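Chains: A, B, C and D, in written order; residue numbering restarts at 1 for each.
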Amino acid sequence: MRRRGHGASDASSSSSVTHPMDTKRRLKIGIAGLGRLGRRHAENLAQRTPRAQLVAACSPVAEELAWAAQQLGIAHCYGEYAAMLADPDVEAVFLVTPTTLHAAQIIEGLEAGKHVFCEKPLSLDIVDCARVQREAAGRPELKVMIGYGRRFDPSYRDAYDKIQAGLIGAPFLVRSQNLDMNDPSGFFVRFAPTSGGIFLDCTVHDIDLARWFLGNPRPLRVFAAGTVAIHTGLREFGDVDNGVATCEFDGGKLACFYASRTMAHGHETATEIFGTGGRLTVGANPRLDRVDISDAHGVRNECTPTFYERFEAAFLHEIAHFVDAVLDDRAPALTLHDATEATRIALALRESLQSRRVIELD
Amino acid sequence: MRRRGHGASDASSSSSVTHPMDTKRRLKIGIAGLGRLGRRHAENLAQRTPRAQLVAACSPVAEELAWAAQQLGIAHCYGEYAAMLADPDVEAVFLVTPTTLHAAQIIEGLEAGKHVFCEKPLSLDIVDCARVQREAAGRPELKVMIGYGRRFDPSYRDAYDKIQAGLIGAPFLVRSQNLDMNDPSGFFVRFAPTSGGIFLDCTVHDIDLARWFLGNPRPLRVFAAGTVAIHTGLREFGDVDNGVATCEFDGGKLACFYASRTMAHGHETATEIFGTGGRLTVGANPRLDRVDISDAHGVRNECTPTFYERFEAAFLHEIAHFVDAVLDDRAPALTLHDATEATRIALALRESLQSRRVIELD
Amino acid sequence: MRRRGHGASDASSSSSVTHPMDTKRRLKIGIAGLGRLGRRHAENLAQRTPRAQLVAACSPVAEELAWAAQQLGIAHCYGEYAAMLADPDVEAVFLVTPTTLHAAQIIEGLEAGKHVFCEKPLSLDIVDCARVQREAAGRPELKVMIGYGRRFDPSYRDAYDKIQAGLIGAPFLVRSQNLDMNDPSGFFVRFAPTSGGIFLDCTVHDIDLARWFLGNPRPLRVFAAGTVAIHTGLREFGDVDNGVATCEFDGGKLACFYASRTMAHGHETATEIFGTGGRLTVGANPRLDRVDISDAHGVRNECTPTFYERFEAAFLHEIAHFVDAVLDDRAPALTLHDATEATRIALALRESLQSRRVIELD
Amino acid sequence: MRRRGHGASDASSSSSVTHPMDTKRRLKIGIAGLGRLGRRHAENLAQRTPRAQLVAACSPVAEELAWAAQQLGIAHCYGEYAAMLADPDVEAVFLVTPTTLHAAQIIEGLEAGKHVFCEKPLSLDIVDCARVQREAAGRPELKVMIGYGRRFDPSYRDAYDKIQAGLIGAPFLVRSQNLDMNDPSGFFVRFAPTSGGIFLDCTVHDIDLARWFLGNPRPLRVFAAGTVAIHTGLREFGDVDNGVATCEFDGGKLACFYASRTMAHGHETATEIFGTGGRLTVGANPRLDRVDISDAHGVRNECTPTFYERFEAAFLHEIAHFVDAVLDDRAPALTLHDATEATRIALALRESLQSRRVIELD
């Protein structure tokens, strides 16, 4: 049977969109962080999320707040996170801040009685992850979700649904990769001291996907390796611009990862799920759109330049899912345990890369 | 040079979305027609078009109006078009009504001082097309646009931009097709008496695309042929379920068309533009999303079941373009002359199909 | 069920190869014509056709004969066709000569008691076609076959077998194209006076494929159009460098053709067969091999530069089929009637192109 | 610049084919082993290798020898390898025998003064590899080559040439996989006691490709993991039906491998080579041929069922390369050191799989 599926161009047909609008209530949100990704989230919250209302923004950068006020018409702009938390109009906070701040800001948000959405990863420190889980467990009336957005991409969702329907039998191996277009300016080299390294910055997404597709198995051991192909500046931070890794889970399940900063053709996120009855591949060709060019270079297609173009729809669905969870009082699909496991495995990958040993988990 | 392009999943990044929201003004729209496509337009207007406000709806079917009131929260529901036109709150009307009503309803809308968006085709009658053009010319302060939505699809737009940039030299041949998945219930057979036949119902889109890509050349002659492969009920209307056609334009430009109602795999709209320096293809594989399946059937991808899944983003961009044109007082990209030419060529195709002769235009 | 099929790289697994070699007998062949394609045939006959022996060659060009003697070790080299026909060692002749000579040379070959393989097209003159058919009918012990090689390509053969097996229901429309890479030196412009024009030179292949896939229906009428996109020198011969055409057959069957001399990306032969239950496409991407390149141009593959690289395997299978037919005394799959019909329809296309009218056949 | 490349269907255009046949001398070969692959080699040697002559065959199975005599017309058939080696007519031997016999048979062949071609792998024992290398070094007039056939596939060769030409900058990572279609009869389970396990049976090919593309770097350490997804009978041999592995080389070069016995769609050999300036992919879609099917399953293509259909051309080129090396007294491209390294790394992978540790090489 052919489902009447959501297409590649299906950017907004989330459940909230087709949800009966029997109530006019919209969730009032304050955003913290208006950098590159923060601005995208702010635009999406302000203009493309029917059940949300972006009422406040917070940033230490005056120009960013000016932009939010003028372009998005946001009334309440704050230089400090604490001030935004004190705003009684704000029901939920959206954290698009540096990873090092995540744990503390989530906890402060909870303490202020706000629902919290926070960009991935939860933290680079497993102790912080545990603390956030504890705090959240103590406030079951508040929703907390970490932004592992690939799960909300229509293609990844389609793959997940097909697996649940048994299309490929029992899944046993996930191979997943997060390849970024080379940035000659080396932005991520400057970002290296705080990013946690390539596995915590990029591969956490693939780890989350592997756990999701494999049914959340318990990780047993990992091995990672890497190389500096172009950006020698990474060496002083013990980081690499290309890293590969293997993770064994219980029940004979496996995952292989690859992350790169040095692609020539664009951003390519791709995942294969192998099952006893077949394989699914998501993103085999990171095509920009449905155009093919036939010229002196052969037959070709352009590619998505960054993760944002690739996952624009996923970002919208992700926000809508969180907003629905709050308004309809349902648990978000992604738990804090999921986010903790992604950090835990990624930390083991980094340790393996640096020690050149197998790292046993547990 | 690689542009930072709009992706396949780019459903809403229209100009209106990134438009500085320096004014809060939203265009107040009334929709006429709440059938299958009408409901989609109504949802898009109500929930996914930031600069629009759907304030009224009109339908002879009570259930449809009830749906609009309950699901979309529309305050003003009318059983008659004239009543909606009399509503002073309505600034623009959106016509998703039977083609036979288009010309009269556009003219009535203009006479009531409303801007008008009308689904394609403008009319099945070239005299009506001329009358609408005259009426609109007499009211230059009102915007009128016919919904040839493919022009607003991100991939078609990308192809157009590449051609304008000279990527394929001088374009001289367009091949374009509109293939629909077979509907065993034969909806379009019942629709045949009023649809105008396959060329006026489907190929008008391809005609519009060909004119757009080739620079609006003057058509010289056409030849069409067709066959009834499955739906024998079409024969009594002189219609076919598969039709092919050739159109010669001046300047040595050519277009070839194919329309079908009988595909097994899904809806497939595809267009090739051949130039002296290369070729662009839009929609070579009508893939549903980015998932590939490897199983006993080989390596495969599912397809968009209908035009709606394929063009969901195009519908949003199209609406936003019209709304922007009205609010910012700019001429819509698509003129009534474009719409008239599409009808004129499609009528010649039908005449050729039925007479088995070459039809000279002019 | 999955067949153990012949792969894309299956250059030589013709029936002759797997044929039980119960007899050592090899067919002794003389080739006439050692131009570009003639040399390829000569090499194939001499080195890659197990059941054939190339014993003689004929050419008016001394260097070509010297090449045949030295490179292929051919003992008997002739400056005149009549002399080769007089060679009692020659059992069959292989004609790779100008089209204008085909009919006479085939008849002379038959009169000399030789089996004849002749490159397409049979002739540019329908009267000559009839004469050849008559002569051949009078000598049923001799095999005659015209080289419509696409039928012997593994992919085209696979498509044919799938259609015979009912995979796509009843086929009703074939779209087929023969696109050549632009040759800035304009070889075919110099060739234009004798080639018969683009439809007789190129589209005959597509006509033959359409008849084959559609079950040899009777052609009713054709319409053709064309343009000179680059090679203005063609105008004086009434020829074009891009031509499109439609052919209606009885039983509601249709074919659409496209031939071009001006592609930037390579040679592309592609054919779609539409049936009531599905569609087959052969050659959607004219990829050179299994390599994809991901670089600043996007994701791309190189293309087959000429028809020879595309159909290298087909040429071998075609030869083997002819040799088997002679040695095993079986009728070749391709009849002289097939070759005559291809010429007859192509002539009608040319007439339509030049008269801008529909041409009725019969 | 576009090369006039060898196409996907280019099964035989090896150097031997286009080689000036200034001498009629053909290499006289005796084959040992007429099992599934042995028969293919025998047919290729007898019928499709212009410069070779298959003069003898050896097998312990009477029916196999009868087949060789009747179908291939081989005069000298032997039940014992020693007897074939004593045949003075045999200049070279072709070993398609069980791996456990390879080393001894190669050495015996050399001692008998024969050139030797032997199927991969050289041996499962690194001591045997060294012994063969020593013996061969003592007889520099004799050519010895191990059949790592992928190097002779036109697509892999194209990728190699592109890398040598600098198309992707400096290569630093190879990912390569050898996926076999699931055989419900479990042939390889019965074969498990002598195959050496999945890495020695399958991944040796990928190891050889990785070394070739990366410039033969020195391996430093490996890690492997695996699972039994379907064929539980493998457990008693310490083998798996799906295995993944990572190999670090000096100079920061990396390779990742995957081997599987359980695919639903066919045989898929695929390799990616990542360089500082781009990526090449060989075999992204294991398509059977150039046919695409559009039906209720979507848009799809069938796949090569086994490695033989995929590498039919490679087998021919490989043989031709060896025959040329002998007749023209040139060193084969593939050295015994290459074959030894493939075995050495594969043994380390197996050790890692079974010990769950990183294995250091050297």
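In this text, a residue touches a chain if its C-beta (ideal position, glycine included) is under 8 Å from a C-beta of that chain, and two chains touch if they have at least 3 such contacts.
From a predicted model like this one, the values you see are computed outputs, not experimental measurements.
Enquirer: Which of the two pairs, C-D or B-C, is linked by more C-beta contacts?
Expert: C-D
Enquirer: CA centre of chain A versus CA centre of chain C: separation in Å?
Expert: Each chain's C-alpha centroid was found; their separation is 55 Å.
Enquirer: Can you work out the whole-Å distance between the CA centroids of chain C and chain D?
Expert: 36
Enquirer: When the centre of a chain is set as the mean of its C-alpha atoms, what distance in Å lies between chain B and chain C?
Expert: Computed from C-alpha means, the inter-chain centre distance equals 42 Å.
Enquirer: Which residue numbers or ranges of chain A touch two or more of the other chains?
Expert: As it turns out, chain A has residues touching two or more other chains at 2, 168, 263-266, 277-279, 284, 287-288, 293-296, 302.
Enquirer: Chain contact topology under the given definition, line, ring, star, complete or other?
Expert: Complete.
Enquirer: Considering the complex alone, what residue numbers of chain C touch chain A?
Expert: The touching residues are 263-266, 268, 285-288, 293-303.
Enquirer: For chain C, which residues count as touching chain D in their complex?
Expert: Per the touch definition, chain C meets chain D at residues 2, 4-13, 17-18, 20-22, 24, 43, 47-48, 50, 70-73, 153-155, 158-159, 162, 167-168, 266, 277-284, 287-296, 302, 304-306, 309-314, 316.
Enquirer: If we count contacts the way the header does, which residues on chain B are in touch with chain C in the complex?
Expert: Residues 2, 168, 170, 172-173, 175, 221, 223, 225-230, 242, 244-246, 248, 252-254, 256, 258, 260, 262-265, 274, 276-279, 284, 296, 356-358.
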